[in-house]
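Take a look at the structures below.
Presented sequentially are two complexes of chain A, the first with chain B as partner and the second with chain C.
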Partner chain A sequence: MTRGIRRALAGLLALGLLAGACSSDDDDGDTAADDEATEETPVATGATIRVPDDHDTIQAAVDAARPGDLVLIAPGVYEEAVDVTVENLTIRGLDRNEVILDGGFELENGLRVLADGVAIENMTARNYTTNGFFWTGVTGYRGSYLTAYRNGDYGVYAFDSVKGQLEHIYASGSPDAGIYIGQCYPCDAVISDVISEYNGLGYSGTNSGGNLLIVNSTFRHNRAGIVPNSGSYELCYPERETTIVGNVVYDNNQPDTPAIDVALLAMGNGILVAGGNRNVIERNLVFDHERTGIGLVPFPEEEANDLVPDPDTWDTPCAEVREEPLPDHPEDALALVLWDPQQNSVRGNVVSGSGVADLAFGSLQEDLAGLGNCFSGNTFETTAPNDLEALAPCDGAPTATDWTGGALDLLALMTAEQPPSVDYREAPTPEPLAQPNMPDAETAPPRPAIDVPFAVDLDAIAVPERPAGT
Partner chain B sequence: MRARPLGRLLTVALAALFLAASCSSDGDGAAERAPEDDRADERAAGDDPSGGHAPGHGHEPVDADAGADVAPVRGRGAGMGPQGRVPQFVIECPWSHSAPDDPIVHPGHPGRAHLHDFFGNTSTDAHSTTASLVAAGDTSCATKADTAAYWAPALLRDGEPVRPYTAIAYYRPGLGVDPATVQPFPEGLVVIAGDQTATTPQPLDVAAWHCGASPVLHSDPPSCPDTAPLAVRVVFPDCWDGEHLDSDDHQSHMAYSEDGTCPRSHPVPVPQLIFEVRYPVTGDPAGLALASGGVRSLHADFMQAWDQAGLEREVEVCLNGQRVCGVVSNRATG
Partner chain C sequence: MIGAMVSARTGVRLGAAALAVAAAALLGGCGDTDDEVELVEGVEVRVSAIDNTFRPERIEVQAGTEVVWTNDGRNGHNVLPVEGDDWGVEVADFEPDDEYRHRFTEPGTYPYYCSLHGTTDKGMVGTVVVTG
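The block that comes next holds the complex of A and B.
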C-alpha cells in the first residue's frame, strides 16, 4: 500500500465514514492490530481517547493513540511537554480557554508534533520556554482555535513543514513571532483569522513561501506586524511568494514586549518585508505605525553561509535544495550578504498614520528600480522615496525617475535606539480574554490534517473595515 | 526570524560595505593569503579525522608560544552550513560556573586543573561522577532532561577570564551516517574531544574558532563583528566501541566516523555532539588565550549524565525520525 493511499484511508476512517467505534482504545490491548499501526498498515479506528478518563496525561493518550484517533482533553491545567509521533491524530480540548498546557517556564514545547497529518484544536499553551505549539518536518498540519501566550520563542511554530492550516489562533507575548512558518517552499499553507499581539513580531517567516497565504487576520500591538524575511543561516533561502491579503495591521509600536534583536530592529512597522521576494501584499488595512505602514527593506547578513541564489533558481522546491551541496563561495564574499527585497507587489492597500512613510522601499544599493518591486492602487498619504507609485508602478511604465527625493534613510532607522526587550516571563502581556471555542468540540468527528490547506477565495477578500474604537 | 544581535547591524553593514570586509580576517593577517592557500591548509590540517584527538589531556604546563611559527589555518568545516539541513536536536546551556576542577582528568582533586567553564549540570566539580550528576539533577540547560556536564577551558583575555554567555550542544548524526542507525549515548559515557596539548592547528572539523553562525572555521581566533561574536566549536567523536564508558586517555573508546561509516573497532554510531561556546568578544583577538594554554589547545569534555529516557526520546524522534527538532542558528546573544 502506498503512503498516499494509506494516508487517504486513514483520513476516511478518521472522518467517521468507515468507522463508528468511538470508544477508548484501552480495551484492545497489545493485539496484532497494535503492531499494525506502523509503516506497513496503519489502523485508523477513529477511536476517541479521553484525558484524563482514559489516560491521566495527554502524552500517555497520544502515545496510546493510533492514526485517525481523536484525543479529547477535559478542562484542566496540564503541566506537560507533549511529543506527538503518531500520524493523523486529532488532539482537541473540550474548552479552548480551560484546557491549558502550562510549561511553568521549565518545559520547552507545549505540543511538539513530529508526525504527519496531526491537527490540534481548541486549547491553550502558555509559559513554555520555547514554543506553545510546534510542528517540524511534517506534511500536513493544522492548528485551529488555539491560544498561545507567554512562550519563550514562538506561540505557534511550523518549521520545515508543508501543507498546513493555522486558523482562529490567538498568540501573544513571545519575543520572536506569535505565529511563524519557516523553511518551506512551496509551503502550501494558510494562516487565517488569527490575532497576534504583544509579540516581538506578529508574524515571521524565514525562507518560507510558495502558496503561503496570510489572510483575514489581525496583527496589532507587536513591535512589528508581519515580517517575511530571508537569511542563509537556515535552509531554503530566500523567502518568496507569500500572499498577504485582507489583514488588519495596526499600532505595531509596542515598547514593552519581549523581543529578539530583529524585532527591535523592525519595530514600528506594520508589514515589513526584510529581504523577501515575489510577495503579494494586497487589500490590507494598515495604520498607526511610528515608521512605515508597508516597507520593503534589505536584510544584511554577516558571516553568511551562502550568497543570494539567482532568481532563476527560486522555483526549486525546498526538498531539492536540501540535497544540494553548499556552494563553495570565497569566504570574503560571505562576510556580508545583502538580501534585497525583490519583485514584491504592493497593491490596493489602505495605509495611514505612518511616522516615516505609509509606503516605503529602500536598499543599500543604488539601482532600486532594478529590484522589480511595484506599488499601485494603494490609498496612502506619504511614501519613501517620494512618488513611489509613479516610480515603480505595477502596470505600465514609470512616470517618475527620481529615486533620491525623500528616500528611506535606512541608516537612521536601523541605528536608532529602541526600548529594550522585556523578559517574556515578566513582560506585561495581558492575560488573554476568553477566546471563541471551536464548534461542537464534544461531538465533532476527528479531522486529521490531511485536507489542508483549506481553499481561500482571494478575490472575494475586500479591504477590512477599521475596527471599532481604533 | 531567528534572533540576531542586530542592534547596530546597519552600521556594521555599511562599515563593511565601505571599508572592505575586514571582519572575517584572521587576527594575525591570514586573510591576506590567497583562498587556495587556505584550502590547502584545510586539507593539510583537516582531512584526517583522527588527527585531532591525540591522547594527552594531561596537566603538563603548555607553552603558549610553542608552535606559534606554524601558520594558522581556516576553512569550511565539513557538515556545517545552514541549520535545518540535517536532523538534529539542540540544547542551549548558559554558563553555569567556573572552577579549576576536572572530574575526568583530575577526579577527586579540586583545584588541580586549569580553569574550566562549566555548562549543563550545575553540580559539576572535581568529585562529580555521572551518577552524582544524575542524582543532582539540576541543569543550566534549556532542556531540563539534559543534566549532562559539559566543560571547556576558560577563555582568557590578557590573563583574565572572559565569561561565556552560553553554550550550544548540537546533537546530530555524524556526517553521512544513516540517522536511523544512531543510538543514544550509553549512560555514564565520558569523553574528551580535541587536544589540549596542541600548539599547531588542530583539524578544523574537530576544534575551531569562528564568528557567529559562520561556516568559516579558524585555528586561531578571528576578529569578529558585533553581529557575529566569537565562538569555539568542538566536535566529539560519533562512534563508540560498544564496551567501554571511558578509557585511559578518555578518548580511545570513541572514534570518528569516516565517509558515514564507523570503524570496526568502534562500531556503534552515536550522536555527533558538536559543542559550541559563545563569548561576548568582538574585534581584535589580541591577548586571547585559553586556560589550557595557547588558543590552539581547544578541547571540551562531556560526562553523559542525561536523564536517559529523555535522551533516548530525543534520539528516537529527532535523529532516528530524521527531523529538525530545533535550530538556534542566530539566537540572541544574551
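The block that comes next holds the complex of A and C.
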C-alpha cells in the first residue's frame, strides 16, 4: 500500500472524529512536514505516518506529523528519547509488548509531550533515567494500553496538565510513583483500569485534584499504594478533591523497591492521604498492610517554600496562582510545615489485615475533630483512634468523644526506620508479563486526546471482589 | 563558564528579590550611556526552581546583578541558557537545596530552561531581562 493510499484511508477513518477541522488532506504522497506549513493554522489530516517505513525514528515521525495524524510504530526496540511538540497526534504501537522504547539508563524520558491533545497508545517504555511517558503543561492528554517499567522517576507522569485519561496501564519499578498526576486544579482527569506495582508509590498526586478520578484499578506490592499529597515544592498547593473509588489495594509493603523519601515515609499503607483535602474514598477493597489500610495523616515538609493556604482559597484554579511570587515568610515558620488532612470522606470501603489499623486518622494538633474528616459505612476490624466511625461520622453527630484511646502514634511512624531504597536499575522488579493490546491497533482511526476524560458512572461501581489467590 | 555555586539554602527568598528589583529600578538611571554600562554592586535577585517551575518565571534586573537560583524542589533540575553556554548549571550540580549564581553584566534578554522538564520555549522555562 502506498503512503498516499494509507493517508487517504486514514483520513477517511478519522473523518468522523475530525470532521470539524475541515481537513484539506494533502494527497501528494509526502508527509506533512514536507509542506512547511508552520505559519498556517494547523490542519488535521488524519494521515498515517509509519515507523520505520516512512521514518527511521519515532522522533522523525512525530516531527513530520501534522495535527490529527497517526504515528504508527512497528515492533522493535527504539533507543530514543522523543519530544512531541505537534498537537493532537495519536502515537500508537502496533504491539504493546513488542514496541519498546528503551532508554538504556542514559536517556531521560521515553515520550515527553509538550503539545495539547496528544494520545499515546499500545507500547512500552523502560530503562529511562526519569520517566517512561511524560505530559507537561498540556490541555488534553491520553495514555492507553501502556507499559512503563524500571524508569528512574515515574512510569507515567502528567504534570501541570489538564483534561486527561490514563487507562489500561501497567507501571512498575519507579522510585517515585508508577502513575502520577500533579500540579493541576481542576485536573479533569481519569485514571482507570491500571495496575501499578513494585514502585515506591503506586500512585502519587501532589497538589492535584478537582474532578480527578482514580477508579477500577489495582495497586499492589508497592511501598505504599495510593498517596495523594501536598507540598509547596510544587505549585497549586494543596492537594484536594480526588475521588478514589472501586480500586483493589493490597500488600503495599514491598521492601526492595526503589523509593524516594516520601515512599519510605509512607511505606506499609494502602491508601494514605498525606496532607490531602476534600478527597472522596469509597468502595475500595484494601487489605494486608503492615501499617494502615486507609490512613489520613499530615505530610511534614521541611524547609517549605510557603505555608498552608487558607481553605477559603482552595477552589482557586491553578492557572490563577501560577504567576504569583512566593510569599516572604520568616525562615523559622517554614522550617517545618505540617500539611494536615482535612475534610476527607471515607465511606463504604472494605478494609482488613492492617498491622496498625484498618482505618486511621492522625495529626499533631489536638483538635482532630476540627479537621473535618469523616468515616462511615466501612467494613473493618480496627481503627486508630478507637471508634473512629463514632468519633467522626460522615452523617449525623458524633457518638463518641475520646480521641486519645488508641490514637495513631505519628511520631513513631514517621521516625521508624524503613528498608532503604534500591537503585531502580538494580531493584528486583519483575519483567512484566505480556499485557493486553489495544483493540485493532492496525486499523483503529487516530483518536487525539480532544474528548477526554471519558465519563465514569461512579454510582455503578461496587466494591471489587478479592482477586483469586490473594 | 559555570558560575559560583554553593550548597546552602539561605532562606532569604523573594522578599529580597523584590527589594533587589526595586533597587535596580532606583539605580537604573545612574550613568547609562550607549557605550558604557554602569554595573550595580552587591545586588542579588533570587529565583526558586521548584518542581517543575521557575518562580518567578521572569525577572528584570539591573546590569551587575547577581541572580541566584535555588533548587527548592524535590527533584534535580538544570538551568540552561537558550543561547550559548557561558552560564548555567547542570543537573549534577543542581540537586535539591543547591544554589547556582551568575552575575549578568551585559544588558539583554536571557531566556533559559530546564531540559529535564521543558524545552527551550515550553515547560520549565524562565527569562532574565537585564537593563543597562
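Throughout what follows, the second predicted complex is superposed on the first by the 430 of 470 C-alpha atoms of A that agree within 3 Å, B and C clash if a C-alpha of one lies under 4 Å from a C-alpha of the other, contacts with A are read in each partner's own complex, and residues count from 1 in each chain.
Convention: contacts are C-beta pairs under 8 Å (C-beta built on N, C-alpha and C of every residue); 3 or more make two chains touch, one makes a residue touch a chain.
Quick caveat: nothing in here was measured; it's all calculated off a predicted structure.
Chemist: Using the superposition on chain A, decide if chain B and chain C clash or fit.
Modeler: They clash: once the shared chain is superposed, the two partners overlap in space.
Chemist: Kindly classify A:303 by the partners it touches after superposition: chain B alone (first), chain C alone (second), both, or neither?
Modeler: So A:303 meets both chain B and chain C here.
Chemist: Looking at A:241, would you say it contacts chain B, chain C, both, or neither? Reply first, second, both or neither.
Modeler: Neither partner.
Chemist: Using the touch definition from the top, say if A:389 reaches chain B (first), chain C (second), both or neither.
Modeler: neither
Chemist: On chain A, which partner touches more residues: chain B or chain C?
Modeler: Residues of chain A touched, chain B against chain C: more for B.
Chemist: Mind checking 57-65, 75-83, 129-137 or 219-227? I need the stretch of chain B that runs into chain C in the superposition.
Modeler: The overlap with chain C comes from chain B residues 75-83.
Chemist: Both chain B and chain C contact which residues of chain A?
Modeler: Looking at chain A, the two contact sets intersect at 83, 85, 108, 114, 130, 136-137, 159-160, 183, 206, 231-235, 260, 303, 305, 322, 326, 328, 331, 334.
Chemist: Would you pull the chain A residues touching chain C in the complex into a rising list?
Modeler: 83, 85, 108, 114, 130, 136-137, 153, 159-160, 183, 206, 231-235, 260, 303, 305, 322-323, 325-328, 331, 334
Chemist: Mind pulling up the chain B residues that touch chain A in the complex?
Modeler: It is residues 1-14, 16-17, 21, 23-24, 31, 35, 38, 74, 76, 80-85, 142-144, 210-216, 224-225, 227-228, 313, 317-318, 321-327, 329-332 of chain B that touch chain A.
Chemist: Give every residue of chain A touching chain B within the complex, in rising order.
Modeler: Chain A reaches chain B through residues 83, 85, 106-108, 112, 114, 129-130, 136-137, 159-160, 175-177, 183, 201, 204, 206, 227, 229, 231-237, 260-262, 264-265, 274, 300, 302-306, 322, 326, 328, 330-332, 334-336, 338, 364, 410-411, 413-415, 421.
Chemist: Any idea which chain C residues touch chain A in the complex?
Modeler: Interface residues on chain C, with respect to chain A: 9, 11, 13-15, 17-18, 48, 50-53, 55-57, 72-75, 97, 115-119, 122-124.
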